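Which chain is which? They are A, B, C and D, in the order written, and residues in each are numbered from 1.
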Amino acid sequence: MTEPAVASSDASNLAMTAERDGDSWILDGRKWYVSGVLHPRCRYMMTVAHTDPDGPRHGRHTQFIVPVDTPGVTVVRNLPKFGYFDADGHVELAFDQVRLGDDAVLGRVGGGFAIGQARLGPARVQHCMRLIGMAEQALRLMCERSQSRETFGAPVSTRANVMDWIAEARIDIDAARLTVLRTAWLMDRQGDKASAPEMSKIKVQILRTATTVLDRAIQVFGAAGVSDDTPLARWYATVRSLRIADGPDEVHLMAIARRELRRHEVSS
Amino acid sequence: MTEPAVASSDASNLAMTAERDGDSWILDGRKWYVSGVLHPRCRYMMTVAHTDPDGPRHGRHTQFIVPVDTPGVTVVRNLPKFGYFDADGHVELAFDQVRLGDDAVLGRVGGGFAIGQARLGPARVQHCMRLIGMAEQALRLMCERSQSRETFGAPVSTRANVMDWIAEARIDIDAARLTVLRTAWLMDRQGDKASAPEMSKIKVQILRTATTVLDRAIQVFGAAGVSDDTPLARWYATVRSLRIADGPDEVHLMAIARRELRRHEVSS
Amino acid sequence: MTEPAVASSDASNLAMTAERDGDSWILDGRKWYVSGVLHPRCRYMMTVAHTDPDGPRHGRHTQFIVPVDTPGVTVVRNLPKFGYFDADGHVELAFDQVRLGDDAVLGRVGGGFAIGQARLGPARVQHCMRLIGMAEQALRLMCERSQSRETFGAPVSTRANVMDWIAEARIDIDAARLTVLRTAWLMDRQGDKASAPEMSKIKVQILRTATTVLDRAIQVFGAAGVSDDTPLARWYATVRSLRIADGPDEVHLMAIARRELRRHEVSS
Amino acid sequence: MTEPAVASSDASNLAMTAERDGDSWILDGRKWYVSGVLHPRCRYMMTVAHTDPDGPRHGRHTQFIVPVDTPGVTVVRNLPKFGYFDADGHVELAFDQVRLGDDAVLGRVGGGFAIGQARLGPARVQHCMRLIGMAEQALRLMCERSQSRETFGAPVSTRANVMDWIAEARIDIDAARLTVLRTAWLMDRQGDKASAPEMSKIKVQILRTATTVLDRAIQVFGAAGVSDDTPLARWYATVRSLRIADGPDEVHLMAIARRELRRHEVSS
């Protein structure tokens, strides 16, 4: 979305292996929801593969830079989120005996996990910032529409349930913004790695906030809300998908809980 | 969806007027989310228009049967629900000086509201039955997927939060089914009109249940849940849209509350 | 509450053992939240004890009928629920070398689990019926109060958020009633044991419904709602406590989920 | 609670009038949930009364300092919150022809509203800080108990639903703390009055957070959670009551929504 010239795969749940063959690496496997591959200017893809599946937990992966026209690389299909297809693609890719040289290795062999972590942190914060903007726009649209739309002789904005939605949106968005700002400040002061737990927290908090605000904005708009006459339905599809991508809510919640439980450990 | 040969417009929030001109009626206005018009066998549309805008509240509307190729009728566009377009269409229609004879009137002039009510009740119950089936299928998919998908070395189905989702789905679907069965039984015994308040209740109850079950099934599936590899995302779009169509939740809740408040009226 | 002449302990989470000593049983241990002991007419207590701790899972327990004035039985204290003490008592009991004869055994030795299960089912349904009545009364009070109480120049009952609460209460209470009726009907037809899974469902469904309805009724009443000028706060304490007593929600949800997962088993 | 030597009435929904009689004021009316009156060192009460009921909206009230032993002042009863009575009292007071001199007026006649607002702001922030501490303690207790309590052979802390509760508590408490800190910073920079909208927000946000955290901590504790063996049930009663005292949630949400709607006004 922001840098289409290099496609990336955040959802590496389909296996990809890279095996040594003489001076080359042979990559085999599948990826899906790889972003940006269909952008007309996309020339290279970044992908992670298992180079040492039985090695130490954080040393099994290596990152590769792969030219899109490398023989053996196939775009299987473009994948939708709800009914929306991204023009730049969230594609399923097949790697069939893809041969790469050592110059394709990004960083060092076995350093793929570290690179992924280094990229994910700042990317997550950037996502969260964008989501706050999205939620703010949805709140603005909800306010405008509820004032201009009348039902039973009064603007929708005078109904106490709609007012509750608007107020709760204001409270939750402001709280989410403060949490993101604090996380960004922590990253500047103590580095990305030490700030990782905060990133889990903002991801859950902001996506939940944005999902609820968008859902209620859609309800205020009525049929227009699920159509493409407003950006709300498309945003909803994006936000709902992000609660799965890059670690589903449940994985982040588990990580947060484990850390909290350690803080209050009960000696046996 | 079930009877595409006659298209119908449930969302009459865009104005349509029918004015008398000699022996004819002249219809002008717009409709949207009209279902079935694009079905290859669709020949007639049913539409409601204001024939007496200042008349008594329930005598202002008349229903018309309109051949789809009547001059002045234009399909403006097909409208999506969360990115999904229905092959049979949920279209926006423009009526521009559409001339119809008296034989186009369905029932009697001024009787449009009564016809609408008569059609809506049974249709609503049928929708609810279908939604229960949809929720059951989503629950089945969630159960199967949670047993076959492993994360961190154990099937997702062993996690207590996912088990809570499954149990809550079972409880809510069963409760919704009983409510629908009771409503259908009431309709058989006391007629559609007397059963109208029950229909408001089942619409809200079942749509909320189905929305939650689908959302959680999507979460259990991960990225596959928002793709088209399962029916879940498309079903979600349908269900979410139905919380707006045919009277949004808020209108039904208001009607239910008014009736309840009257039962416990406080004499002043 | 209904039969104070025999006190009973539903919360057997504190250990109680019964060991054979000649012709006698010696009971030792503690119980808490034992109901009815302080009723002036209470003469006997029913208690369950481990008679064969290492025996087969459902054969470890035996039920005993214990005269309240048996030497070694002490009422340690009356226990509150959210500050409320029941006049008949929810007490903590200590059994210190309490000697009983074989005539104190209810049913047969090792049959305590079966007796407990036989008692729990019907008792649970009866609880649920009472909770529905409680929720109905809370809804009635909420309707009356919201009509008589004015804020900012209009009755609270005209506010859309309060109307939503009233309508949701009506929907949920009616759904809960149907579920209870169906369960009672099943018990009559197929017996208590086969109906056990249904009992888990109604317990969770009705307690959640009643908790929400009471909480919202309290909010409509304002300060009077948390005082003793209405029965709402006391009812809330009862209902909230029942979400823990007799198997917390989470245990029932787990049982429901397991059964549902088995219905959709995935062969490996 | 913090300064029992002067009792105060926050819930002035029962009418109190002060009429001029020669050089004196005659106070008549009732107050309830007046805090601190029963403290052994309480000597004075602060109360607000209507001195100009038909005057300009913010000039109708006057604050008075009333010695507790003034003739005509009666403590009617101590009022509970759920089943809890505060030793220092939340009492109902009757004022029957209570005669006071001009020296009893706090500030100036007609300035009562302004004094109330000036006091409420900082008090609200202080309440919120205390509530955050309470929620933190509840989270700590929940972590400790869930690690030491085993069900079905594993600590409760290993169950994913309980882990979700713990993680959500961490997220919500941290977000609430940031919001309070920001509000306190705004009060220091721009004064209490300009910060009033922020105070509405923190009141709603923190009370909802604390209510949920306490409710879940109670569930983790089981029967001990509703007893007085932990502080949780008493804290719950306090927190739930605060969602009513000092402006119920709904009033604050309405104020927040109105302000937000004005930001996005639609010119007609």
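The working rule: a contact is a pair of C-beta atoms (placed from the backbone, for glycine too) under 8 Å apart; a residue touches a chain by one contact, two chains touch by 3 or more.
Everything numeric here is computed off the predicted structure, so don't read it as measured data.
Student: Show which chains lie in contact with chain B and also with chain C.
Tutor: A, D
Student: Of the chain pairs B-D and A-B, which one is connected by the greater count of C-beta contacts?
Tutor: A-B
Student: Would you kindly tell me how far, in whole Å, the mean C-alpha position of chain D lies from that of chain B?
Tutor: Measuring from centre to centre gives 45 Å for this pair.
Student: Using CA atom averages as chain centres, what separation in Å is found between chain A and chain D?
Tutor: Taking the mean C-alpha position of each chain, the two centres sit 41 Å apart.
Student: Mind checking the centre-to-centre distance between chain A and chain B? Centres are C-alpha means, answer in whole Å.
Tutor: Those two chain centres are 33 Å apart.
Student: Enumerate the residues of chain B that touch no fewer than two other chains.
Tutor: 159-164, 250
Student: Can you list the chain C residues touching chain B in their complex?
Tutor: 139-140, 143-144, 146-148, 157, 160, 162-164, 166-171, 174-176, 178-179, 182, 201, 204-205, 250, 252-258, 260-261, 263-266
Student: What part of chain B is in contact with chain D in the complex they form?
Tutor: These residues of chain B touch chain D: 159-164.
Student: Taking the touch rule as given, give the residues of chain A at its contact with chain B in the complex, in rising order.
Tutor: Against chain B, the touching part of chain A is residues 11, 13, 32-33, 79-85, 151, 159, 161, 215, 218-219, 222-223, 225-228, 233-234, 236-237, 240-241, 243-245, 248-251.
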